[in-house]
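By letter and in written order, the chains are A, B, C and D; residue numbering begins at 1 in each of them.
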Amino acid sequence: MDFTFTEDQLLFREAIGRFLSTEASPENLRDIWSNEQAPIDNLLEQICAQGLSALSIPEANGGLGMGDIAWSLMTQELGYYAVVDQLADAAYVGAGLISALPNTVALKAEYLDKICEGKLRLAIGHECSPLVADAQLAGVLLMQHNNEVHIVSPDNVRITPNASIDTSRRLAQVDWQPSDKTCAASGEEGQIIWQETLNRGALSVAGQLLGLAQRMLDLSVEYSLQRKQFGKEIGSFQAVKHQLADVAGKIEIAKPVLYRAACSLENKHPLSDIHVSQARNFCNDAAALAARHSIQVHGAMGYTWEVDLQMYMKRSWALNNTWGDSTCHQARVQNYVLNTDVDLAPSKTFEVMS
Amino acid sequence: MDFTFTEDQLLFREAIGRFLSTEASPENLRDIWSNEQAPIDNLLEQICAQGLSALSIPEANGGLGMGDIAWSLMTQELGYYAVVDQLADAAYVGAGLISALPNTVALKAEYLDKICEGKLRLAIGHECSPLVADAQLAGVLLMQHNNEVHIVSPDNVRITPNASIDTSRRLAQVDWQPSDKTCAASGEEGQIIWQETLNRGALSVAGQLLGLAQRMLDLSVEYSLQRKQFGKEIGSFQAVKHQLADVAGKIEIAKPVLYRAACSLENKHPLSDIHVSQARNFCNDAAALAARHSIQVHGAMGYTWEVDLQMYMKRSWALNNTWGDSTCHQARVQNYVLNTDVDLAPSKTFEVMS
Amino acid sequence: MELTFSKEQQNFRLEVREWLAANVPKQKLPTYDTKEGFELHRQWEKKLFDATLSMVMWPTKYGGRGCDLIDWLIFEEEYYGAGAPGRVNQNGQLLLGSTIMEFGTAEQKARFLPKMASSEDMWAQAWSEPNAGSDMANISSKAELHGDHYIINGQKTWSTRAIYADWAFGLFRSEAGSKRHHGLSFLLVPLDAEGVTIRPIKALDGEDAFAEIFFDNVKVPVENRIGDDGQGWHVAMATAGFERGLLLRSPARFQQPARRLVKLYRDNKAVADRDASIGAAVAKCWSDAEAYALSAYNTVGRVNNGEKIGAESSLNKIFWSELDLLIFQTAMDILGATGQLLRSAELAKEQAYWLDGFLFAQAGPIYAGTNEIQRNIVAERVLGLPKK
Amino acid sequence: MELTFSKEQQNFRLEVREWLAANVPKQKLPTYDTKEGFELHRQWEKKLFDATLSMVMWPTKYGGRGCDLIDWLIFEEEYYGAGAPGRVNQNGQLLLGSTIMEFGTAEQKARFLPKMASSEDMWAQAWSEPNAGSDMANISSKAELHGDHYIINGQKTWSTRAIYADWAFGLFRSEAGSKRHHGLSFLLVPLDAEGVTIRPIKALDGEDAFAEIFFDNVKVPVENRIGDDGQGWHVAMATAGFERGLLLRSPARFQQPARRLVKLYRDNKAVADRDASIGAAVAKCWSDAEAYALSAYNTVGRVNNGEKIGAESSLNKIFWSELDLLIFQTAMDILGATGQLLRSAELAKEQAYWLDGFLFAQAGPIYAGTNEIQRNIVAERVLGLPKK
């Protein structure tokens, strides 16, 4: 029983954070939010140049073989700097999906190599949403059709962009036709891949939401120390203090829930679905309260396009229903607790004894 | 359209409040909470001497014919002074029940006269609860058996007291046998009587809860002006201010909901069930928050038997599930909103147009 | 207590209902935070005015029809119930209108009110300043009296609708060296006057919903002052209470989205009920909106009986702003992944209504006095807790 | 990260589980706030001690078995999971115990710890004073040093368990004229000493759960001082952080009622589901309790790695006290009309468990530093917001 990260994992997180703090600064982010395409390419190229796209690829395929546990730190950094979907979707969720494909799939090794080299952009279409993120950028689309995994070329799909509140997101409907030729996995195998992919996507979002919550909290603390009302920094008013303390509380309690879910996913724990959804519920909560209290602390400034807060806030609202609606994650936990006859004794937190 | 009380109604409320402030002072109340029986008799006699037991009795029977609208003010005073169940149950709910009995019921006129004179104590056993309040004191018990109203003598029942957290309440199980002889109404007539009685009981409790909420707020404001911490009255801390302001908000919003329900009941509005349950939800909420924030403002003192707060707080917890559990009132409103196809247009607040 | 409408009230309701059914544009107008939308809303206001439905409570001589507050509540119920356009000139009509009605001279009334009712004149408010947000008495924009006119200098901010409006109204410090609430004057300033510069502020949705206004030696005639010199705070606050709050946010404004939320829930029951708490939240939204309506009718009755209404407006403000958040948040929870889509997105049908409302609801606890300030007011003025 | 238990840990769990299965009284003990209940709990503690299960983390020489914090969490899971009696001597064992372990002399450890582990000595805390509640540094009870002993005078209040306890521990002002945190000494006082008067305070449930303690020239030998003269605040605070908070309220303390709440819900599903929000609340209670457990394991891991844990204990305090309220409030909502019944009532079966817990939960946000104080601490020490 050791619920901590290794020194390496923590140092790696720190390094990524340092890198992103310059490459994904609020100014750069604002560019991405304001323009259509180019700035994402720059950022993604920088990121690939750092080898970040190779993180999840198995060591056998030339990657770093980084697992879900380490990613639960990484995704927080991605959230904190509001990095666009593509990175986590390709380097983490997509790489996981491709790694899980049967070795008989001809393109598997090639794709893993390309991701390693930062030369493949992926989009994943899961039935939990009618929207696919970054479909327009994708070199290959991984599409769900019931239990089947299909590998689809962008040439064979119709992509209809759907603009959203987070303008750094490129969401689209993707119309396509499943065929035997595109099918890379099916039956129980396909089902397990999609189940794991949904969990990984949801966990990736959970981490990002937590990072976003922390960013909103930091911005609010900073603002509350600058802004004066009635002759005092607003951060000295008890109402402001308590609002921000409550956000800190939501963030702290969400962390271990996120980490446990990551550990379960990495170890294929039978309750991974529940643990991931629990993580999502806590991280959704933290991000929602952070947004709510941050805009309040920012006052009228918080309602403007001008302050950085708006980007992180909108992204948190958008991600809240990405890789599974918030209600679907609530439902998985509620069903487990309310509609099963599992004994939920205190001793069962980690043990699944019979 | 006139959503206000008459001068008379308001003056009457004031007079009752003045009377109760001496007769049902916290010291007297503490006596009732600490001893078994005698003090209730004193209080009830005082109250009957004032003619309060005759309020609801139709004028034709020598009473004041006071309706539900006026009672929605009265019950708030009863709550504010935490007057025992017997008064509202006999003079308001019970009197209403008896008045609604068919005139063929031999004892009807006699009972109405006796209530007028303050000589009849009633207990009402409704199937919404296995507990009957003040059964031990009752000269007659009005018992529900499906749609039937039974008038039962205390000689023919077995009463098992059940002690509760509000020691001024005398709750009991009542074992009894329905018979043709005890049956005073049945069929549709009985059903309507019980439906109206539940609504009246629930509304009586709603008013009392609102009065209790106001009392708890007043006690807390008073305490927060006396108690000092860190060299200042605790009432000057923003956290305390906001907690108490929120209680005031819950109380204010509950009032018109209570009054509308009273008006609906008095006028046999087809949505009386919904309106009464809405009133209960809002008044339950107000009392619950008042208790929560009052004990917080009182600090450790609030957790003691010694402060008056505890009596009002416990009574609010007890009444919250009296004359219908809180979940049953939530259910009536939720069903109406969620599971019907009624159009809830803004114009429908008072109109039931087709 | 009598909770039914008179024959006259019912007739008025039916008249409004029929007129709206015939005249409300089938297609939602573009937002009035764009030039095009602003003009279309101005045209709509003119149409309302021509039917004497623009300011139903105003005297007929100023373009109204002399209705009382109950009629006004009825009007609002029908107006929102019909999904009619937002009121682009409401800051003038609802906030400034009452002030001029109470403190304006006969000339000022005749000069300003009819054109306000018809929206020939569009009005922007100019209250806040960079250092006078919640602490409104901290105003530092100056107005120097020179014979028959003031020269004003300074900066206002968060001025809603100022980009396209014709006029602004606000408080200016007319007594040099005065402090807090003293020495302020309530002035009306034409926005095309020399020395006025307007710089838009983009709101959360990217539209120019507010502006900063800079005054550089702007000349304003004394006839544009409401009330006496130095009495501006008194003038501004006198109508700041219950009625102003109610006019700004009538119950129907919340009952209509609550009604739509119930429909959204019923239409998506299977999805929504995956999370058990959604149904309870939907019912609460509807019930809260109705409670707010009941509260309004109750208070109007007491006002009509001559009762003074105090800090209820602070409680109302807190209540409706939190209700608004709950309504639109719950809708977002039901909509799930598509809730984030903008109006232009192909998959967005009803979504844009909810997203717009969700964004706007975020500002509710902030504008018109933050909810923290409102709670302080309740604690100090209603409950008697100490100021410091 | 490795979230499974070692063979040794599993064996320890099974040993505890089996011992408890064989020894936990079938019938719930009467409350320890009565004389009879107090004695029965003392006997239970002796039994635990004899099985070296009283203070599993203490060194064997003081009656423990030298377990680490993970073992302790396991012990607590089994202890609460088995519905074993409340720990009557916990203020001594968990709060004072750690302090003596860290600051006591070898003599003091040998003198106090074993009898504390066996509950031969029962301990009451004596922190609060009438004017030093949330503001603990406001202590005014005096201790004058006279050679080899102190003479103490003053009053303590909210002293849990003081009525039947043998000893009390607390802070006394030993430097005349000193202010705030300075000049305080940490003293252990036998409650049968001459000059000690104890007056019970009835708690919400009518039982004598607390007491006031009056000290009238009470003589306390210098050997009863923990740490140096005037260093009392430092001594008291050093162990006031994460570990003390965790010991006071282990996760299992909340997981067990959450588990029972789930069962209560499942057994009364039809009734509970009348209000759609109940199911969601039940699931949240369980999930929150589990999150608190995860948080404890995570923090223990970091402590074991030598990390310093700061204001997390303030966040924990807020979290568990609010969770406790939600658990028992939700149970009350499910129980409905019978929830108000006392243990003696015929219809009360499980009800008394819930009502007792509901009452006790009310105090959670108040004791051990009110939640308002905790939020201030988080804002100031974690977020760096200004003090004033």
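The rule we apply is simple: a contact is a pair of C-beta atoms (placed from the backbone, for glycine too) under 8 Å apart; a residue touches a chain by one contact, two chains touch by 3 or more.
All of these numbers come straight from a predicted model, not from anything done at the bench.
The interface holding more C-beta pairs in contact, when A-C is weighed against A-D, is A-D. Farthest from subunit C, judged by the mean position of CA atoms in each chain, is D. In terms of their C-alpha centroids, the spacing between subunit B and subunit D amounts to 39 Å.
Averaged Cα coordinates give subunit A a centre that lies 52 Å from the centre of subunit B.
Counting only residues that touch two or more partner chains, subunit B has 237-240, 242, 330, 334, 338.
The residues of subunit D that reach two or more other chains are 275-280, 283, 372, 375, listed in rising order. Note for the complex: subunit D touches subunit A at residues 1-6, 9, 13, 17, 70, 74, 76-78, 80-81, 251-252, 255-256, 258-259, 262, 265-266, 269, 279-280, 282-283, 286-288, 290-295, 297-298, 300-302, 304-305, 312, 315, 318-319, 372, 374-376, 378-380, 382-388.
Of all residues in subunit B, only 237-239, 242 touch subunit A in the complex they form. Within the complex, the subunit A residues that touch subunit D are 1-5, 69, 217, 221, 224-225, 233, 235-236, 238, 240-242, 244-246, 248-249, 252-257, 259-260, 262-264, 267, 278, 281-282, 330, 333-334, 337-338, 341, 343-347, 349-351.
Of all residues in subunit A, only 128-131, 160, 162-166, 169, 171, 173, 228-230, 237, 239-240, 292, 295-296, 299-300, 302-306, 310, 314, 317-318, 320-322, 325-328, 330-331, 334, 338 touch subunit C in the complex they form.
Touching subunit A in their complex are the following residues of subunit C: 128, 131, 133-135, 157-158, 201-204, 206, 210, 271-272, 274-278, 325, 332-342, 344-348, 355, 358-359, 362-363, 365-367, 370-372, 375.
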